[in-house]
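Each of the next two complexes has chain A plus one other chain: chain B in the first, chain C in the second.
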Partner chain A sequence: MNSLVIMLLIYFAGAILVYAANKFSAVLRDVIVVLAGLLPVALFFSIPAFEAFQFRIAGFDLFWDLGSLAYIFEALVVVVGAASLVYAISYMKGKKNLGYFYMNFFLSLGSMTGILMSQDLISFFIFWEIMTWSSYFIVVFNGYKTNKIGLTYIFFSALGAYAMLTAIVMINTQTGSTMWNDFFIAFAGMSSHYQLLISILFIFGFGVKAAMMPLHIWAADAYSHSPMAYTATFSGVLSKMGVYGLALVMIKLALVSNHFVFSQVIAWLGAVTAALATIYALIQKDIRKLLAYSSVAQLGYIITGIAVGTAMSFMAGIYLAVLHGLFKAALFMVAGAVEKQAGTTDMHKLRALIRKMPLTFITAMVAIIALAGIPPLGGFVGKWMLYESLIGSNHYFLVIVIFFSSTAAFLYAYRFLYGIFLGQEEEEFAHVKEAPLMMLIPMLFFTVLLIVTGTFPGIILGPVANAMNHGMGFRGVQWEMSVLTNVYGDSIHLSVISTIVVVVFIVFALFLILKGRKGTRYVTTKDIANSGEPVRPEDNYHFALDFYKPFERAMAPLYRFKMSEIYGNISDGLVSFFQFTRRLYSGNGQTYVYYVLLFIVILLVFSNQLINR
Partner chain B sequence: MMGDIWMTLLGVLVTTLLAFVTGMFYMGASRKITARVQNRVGPPIYQNFLDLIKLQAKDTAIHHGWMQLLGPAFLMVSAVGSLMFIPVLNKGLFFENFTADGDIIFLLYLMVFGSLGMALGAGQTGNPNSAIGVTRGLTQMVGFEIPWVMAIVALILQYHTTNIAEILEAQHRSGVWSMFANPYAFIAALLAAFGMFRYSPFDIVGAPAELASGPVSENGGKFLGTMMSSHAVFAFVKLVLYVDLFMGGADNLVELVIKTFGLYLIPLTYGMVNPRYRTEQAVRYFYGWPTLFGIIAILYAVFY
Partner chain C sequence: MVISPIHYVAIPLLVAFLIPLVAKIGKNWARILPGLTLAYLNFVSVYLMTKVQETGIISESVGGWDAPVGINLVFSPLSGLLVSLITGIGFLVWLYSYQFKNVEKNESQKYFTLLLMLITGANGVILTGDIFNMFVFMEITAISAYALTAFYRHRNGAEAAFKYLLIGSLASTFMLLAIMLLYAQVGTLNMADIASKMDQVSSGMKVTIFILFLTGFGIEAEMFPLNGWAPDAYTEAPGPIGAVFASAVVKAGVYAMARVVFTLFGYGDSPVEILIIMGVITMAIAEFSAFRQEKLKRMLAYSSIGQMGLVIAAFGLGTKAGVFAALFIMVNHALIKSLLFLSGTYMVYHSKEKLIAELNGMAKELPVTAALFAFGALAIAGFPPFSGFWSKVYFLIAAADQKMVFLIIMVLLVTTVEVLYYFKVINRMYFHKPEMELEYRRPSTNALISMFVLTAVILWISFFPDTVMGYIDAAANDLVNRAGYINLVLNR
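== the complex of A and B ==
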């Protein structure tokens, strides 16, 4: 049987089985979760090539095949999906309605697989809808402020989906086909009105999922209020479906080469998204919210990379997309572990967990270093390629905006680590233990992956270059396992960099840690030098409130701009307009008689015009 | 092959030692000059060496956790690591080290590596002033990085390379230092350097007169000694980087010392006659004239 169909079947059958098994036994349910999560991983990486699958249903040809670009995203789906599922077993322990949760989890994994292998627009759209609905059900799973958060999410998703549906109908009327490939070929021959309209509709649809400004306002709340086990997949992978769609539309339709202004607008939207989301991330007090805004910012870089559309920036965009999937999944898992073990994610309450959760701290630190783009970890590779490609393709002011947001990202990166793990210890958290093993395994797995990609980014760049050369229409894209080369021909050897960093670090770490005649002794963080005024046991000098107040003061003009307020104004305006129209229906019979009379009078006044025609 | 490795190691050691000694003397000189301006006698110029020997001889009794112990090692990675990628003298006159990989954008990131690692170490001490200092430092960094990056982008556009050694070569080929070839970039970078060197009015991180605690008081002995040495090496790294990028490098060590010390005096003397900014004032300062010069520098590089 076709291996693509098997993978799809495993996910969808997993969804049904897990829901049924939940009625009988929790152990059986967990076994099914792990099996159905890990089987696709084994299947995906053991099969060298997937064959296409075609059938006909209700008068439409459906055509499934895994393209070379989709292959990269599918790898992300199976790996991050499996890790999140393993993590979920410990994380979700003790919660209710788990059958329902896992069912939707599997449905969204299956639908993402479906999206990636759909070569026709019909199944693409159907899977897209399944993905939206299954993720919506998990967003509202916690039951917290469902009206506001869930509604915003589903409203924007529905808008995006209808935009996409409109585009699909247009394509069908124009080309008479529902295949992606026919559309790509026919696009060049369409009138420029249709070209622009279809691209805008598609980018609107994908931009919602990729949290592109101004369509991003659902993201921060939805990411932070779904269960963290799912958010790892939600922010890490599901948002990448928007990126995948954007990449298809921007590159395959030659929007970059033929519609320069258009691609510039998208690139700048991405950069502005990155800058604004970053400065909002660093004033959050909840770690989940911080990570959610950070996701929006990272997606901004990715969108910019893809929209600029040179070989190197596209490569950087896809590379960052994969890497963001890995480190953001790890970070949301850290947030989940802290939530589970310490009982809160509020940085105003959390204190110094580093000695209680050392492995979680290491995961967080590695993922944060990757996020901040500091060598020698994987994030640096993506940032480097993005900068060099932007400078090389003469986007010099765009690169400044990106650089600003990436420097400001250090601020929230530090805030995240400090707010959870560092600072002054407090009795309240003395009982906190390290996260359970089932949660640590996926976290440490990502840690190792992030360290490896720092020296050998070729693991990801290889498939990306393959996708670009075969299928995306780029020619002669080169890649190497651990050497990066920019457009000017300068190259850096990542193995040299990693070696220097590691060797210097080890030398000085040994120098510092190897004890002299007497060893140092651990004292609590209350025993500090404080200008001669000792910290009393009941005091706590932890610094958490208004952490970046000076930054807020300096950037006050930027903080005034809030997209959610603009939407708020629009919705307020609509509400008052509808309030007004409602007055016409007063419920009083007399009033309706007046309306009828008024109508007859109008008819009489215009009777001449009406009869003469 | 074996000989190569020994030569590389020798190069690393000699370069680091050179940077360390020069940096320590510069710090000593800065103390002396500041003292004279303030009508004091001041410590001898080799005072920092004495301080370092004293610190290394001391035992450390207490610590707050392993991240604190590792903090200064991160600083050293940043200082010694970036030194390896920057040509000290012009091509062929000094150890090459790893200048072939000396990419300027990579270096920008490597240079913040240390402060972030140290910030984690400082955070674990539990001293609130450490974290306050870190937030100030990071905020200030968001300020001065923008004109600094603009200057670098202008240089890249001008010389069509991102390699520092290549930028140096290109200046020699054209016969004009880039501080004259693109003066606006140099001005933007120089104004950014005020924030990078953290002398008054940008000494808001250490804030020596008002915060008598923080990492400096939580770390003693060899930890404080390592912090001080990395500071010395890092000062040298930044100065040599500026000389390489804007002043055509140097042909011998004497020329290098003259150029770097001349450059060093600018933020130092500027700081002597200035009080301290508040953090937001510092950021606004960098988004004023320095950024304007940065924009002009980029436009100049593109259109000229």
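== the complex of A and C ==
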């Protein structure tokens, strides 16, 4: 049987089986979860080439095949999906409705696989919508503010999906086909307003999932209030479906080369998204919220990279997308571990978990290094390429905005690490233990993966370059396993840097261990030498409180600008309009008769215009 | 006895009047006999649908007088499809109502008599080839619907029935007026005959008659602003009757409207703007109103109106693709809305107010019913891979072929609202904590079976849409092929 179909079947059958198994036994359920999660990984990496699959339903030809760009994202889906599922087993232990949770989890993994293998628009849309509703059902899983968070999510998703559907039916009318490829070919021949309309509709649709300004307001809440096991996949992979779509549309439709203004607008939207989301990430006190905003910001870089559309920036965008999938999954898993073990994710409460959860800390640290773009890990590589491509293509103002947000990202990254793991200890958290093994395995797996891909970025860059050369229409894209170069002839050997960093790290660690042998005194927050001055309650606040007060003060005008308020006003307006239409049905029979008479009189008066033939 | 389309009308009408007599023999017979009747009619559907595929349209003259002099029944792929749908859902509603509230008690005779009358009427409207006959059947449908609305003899039911009666009598007035004017112009009542003579009518008179028909059938088809009766009637009628309203009464109205537009007037060869505009307005206003509803059945009623607006707009496109989409939506809507009504009813079974707010946490108490409702909500909102999606895509494609981008965008924006209010209900059922004592009743086995059958059919259409699309395609061909209909009925 066709291997693509088998992958889909594993996920979708897994969804049903796990739901059924949950009724019988928890062990059976967990076994199925792990099996159905890991099997696609084995299958995906053991099969050298996937063959196409084609069938016909409801008068549409559906055509499945895994393109070279989709291959990269599919790798992310299977790997992050499997890791999240393994993580979920411990993380979700003791919660209710697990059959339902895993079912939707598998459905969304299956639908993502489906999206990536769809070569035609109809199955693309079908899987897209399955992804939307299955992820919705997990977003509201915790039952927290379902109407606000959940409905915002489904509203934006539906709006985006319907924009896409409009584009799809228009393409069908224009080309008489629902294949992506026919569309790409026919696009150049369409009239210019169709070109514009179709591209805007697609970018709107994908922009929602990629949390692009101003369509991002669902993202922070939805990411932070889903169970963390799912958010790892949700923010890490599911948002990348929007990126994948944007990449397809921006490059294949030649929007970059033929519609310069268009690509500039998208690139700027990405950069503004990155800047604003970073600023918002800074003032969050909940680590889940912080990570959620950080996800939005990172997606902003990715969008900019893709929209600028030179070979280098595109490569940087896709590379960052993959990398973001890995480190953000790891970070959300860290957040989940902290939530599970310490009982809170509030940075104003959490203190000094480093000695209690050392392995979690290491994961967090490595992922943060990757996020912040510090050498030797992957973020550095991605940002290097992004900056260089932006400078090389004369986007100097974009570089400034990106550079600003990436620097500001240091601030929240540092706060994340410091707020949870460092500082003085607190008795309240004395009982906290390291996360269970099943949660640590995926976390450490990501740690190793991040270090490896940071030292040898070619592992990711190779497939990306392959996708660009075969399929995306770029010519002669070069890549190297572990060396970065720029147009000025400088080059950086990452493996050397890694070696140096590792050596320094080991030396420093040895030094600390030797020094620490003499005995380190751990100070709790209550252990304060007050030198005669009484400690007032407000002094005993956590240091994470108002961590970046001066920065916040400097940025105050930006914080006043809230997209959600604008949307709030719009939705209030709409709701009152709905109330008005509802009032039309007054419940009074006489009014209804009056409507009928009015209707017929108006029609009779205008009967000449009514049927004009 | 030879199986013929007349059975659809004659047998349920006969049984309806036999019920009081049979009840003298044994109380239970009054409940069982309608089921047997409807089961037989479903058998007739299967038989005739296969036959019509082989031999083409079956035109049956009543009383030995051929058309255009006598009255004839036309079992075409179109009328066959709708009649099969109505009798199928009629049977499921019977199964569902077998142990339903007052129906269990002495009221069952009245309930089932009226139900059979209603199905007779709806079948008649769809099958008949005679315009006056259609009016008569429309009256039978409407009168039994009024009576069913007031079935629970309390104040609100009576009020709703009265409103329905008020508007319904206007509908019959306009219909009758239109038929009179038409008869004065062409001197015949047979629809095929009228159609062939339509070019004799002056264009001013033609439009006037059309407006009268549009208003008359528009009332039954729930077109804005003629649909004031609908929310009240749906809310106050017994739960399963809501399903019948959505799948039989309204469908008959929409069918009649489409028949008049396409066959009688032949307007179908280019877009009928008035239908598109009124359809979209109907849909928009209904879905917006549904968003603000507090009662479950009222919300479903508005949602039903909204879907009908979509159907009317789809017919208005005038192309075969538009008709195909309209019929596909009608089929899906009949099935899915019935499922929603049937499952929703048990969740607010004992509740006085039947508020949506009372559904909080219902999924814990009634997991199966809630799951079926949620499934129905996903399907009707057009989420793939469920069946509502296919019909929506076909509608959009038909609209895109006519270059009506604005129509597409309007419909999709309105659909977003629909998505929101259905998800609000799902959220309440699954993720909210109950605030008060839940007023529900566990569905009886027969009710569960009928809901499962509906679900199975919807799932079947979702994953194997091709199996029904053939029938719908034939039906759409039938409606747009005006000359074929005329020639066949008049034996030319």
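General remarks:
Please note the rule applied: the second predicted complex is superposed on the first by the 530 of 613 C-alpha atoms of A that agree within 3 Å, B and C clash if a C-alpha of one lies under 4 Å from a C-alpha of the other, contacts with A are read in each partner's own complex, and residues count from 1 in each chain.
Heads up, the rule we're going with is that a contact is a pair of C-beta atoms (placed from the backbone, for glycine too) under 8 Å apart; a residue touches a chain by one contact, two chains touch by 3 or more.
Because the structure is a prediction, the values reported are computed rather than measured.
In the superposition on chain A, no contact is made by A:Phe474 with either chain B or chain C. In the superposition on chain A, contact of A:Ala58 is made with chain C only, not with chain B.
In the superposition on chain A, A:Tyr559 makes contact with neither chain B nor chain C. Shared-chain residue A:Ile354: touches chain B; no touch with chain C.
By the document's definition of touching, neither partner reaches A:Tyr567: not chain B, not chain C.
Touch counts on chain A: comparing chain C and chain B, the chain ahead is B.
Taken together, the two structures place no residue of chain A in contact with chain B in one case and with chain C in the other.
Taken in their complex, chain B has these residues touching chain A: 59-67, 69-70, 72-74, 76-77, 80-81, 84, 98, 101, 103, 105-106, 109-110, 112-113, 116, 119-120, 123-128, 131-132, 134-136, 138-139, 141-143, 145-146, 149-150, 153, 156-157, 160-163, 166, 212-213, 217-218, 222-223, 226, 278-280, 283-284, 298, 302.
Chain C makes touch with chain A in their complex at residues 162-163, 166-167, 170, 174, 204, 206-208, 210-212, 214-215, 218-219, 225-226, 228-229, 231-232, 267, 270, 272, 274, 284-285, 288-289, 291-293, 378, 383-385, 389-390, 393, 396-397, 399-401, 403, 405, 408-409, 412-413, 415-417, 419-420, 423-424, 427, 430-433, 465-466, 469.
Within the complex, the chain A residues that touch chain B are 352, 354-355, 365, 372-375, 380, 383-384, 387-388, 391, 394, 396-397, 399-400, 403-404, 407-408, 410-411, 413-414, 417-418, 422-425, 486, 488-493, 496-497, 500-501, 504-505, 508-509, 511-513, 516-518, 520-531, 541-543, 547-548, 550-551, 553-555. In the complex of the two chains, the chain A residues touching chain C come out as 56-59, 122, 125-126, 129-130, 132-133, 136, 140-141, 143, 146-147, 150-151, 154-155, 158-159, 162-163, 165-166, 169-170, 172-173, 197, 575, 577-579, 581-582, 584-585, 587, 589, 591-593, 595-600, 603-604, 607-608, 610-611, 613.
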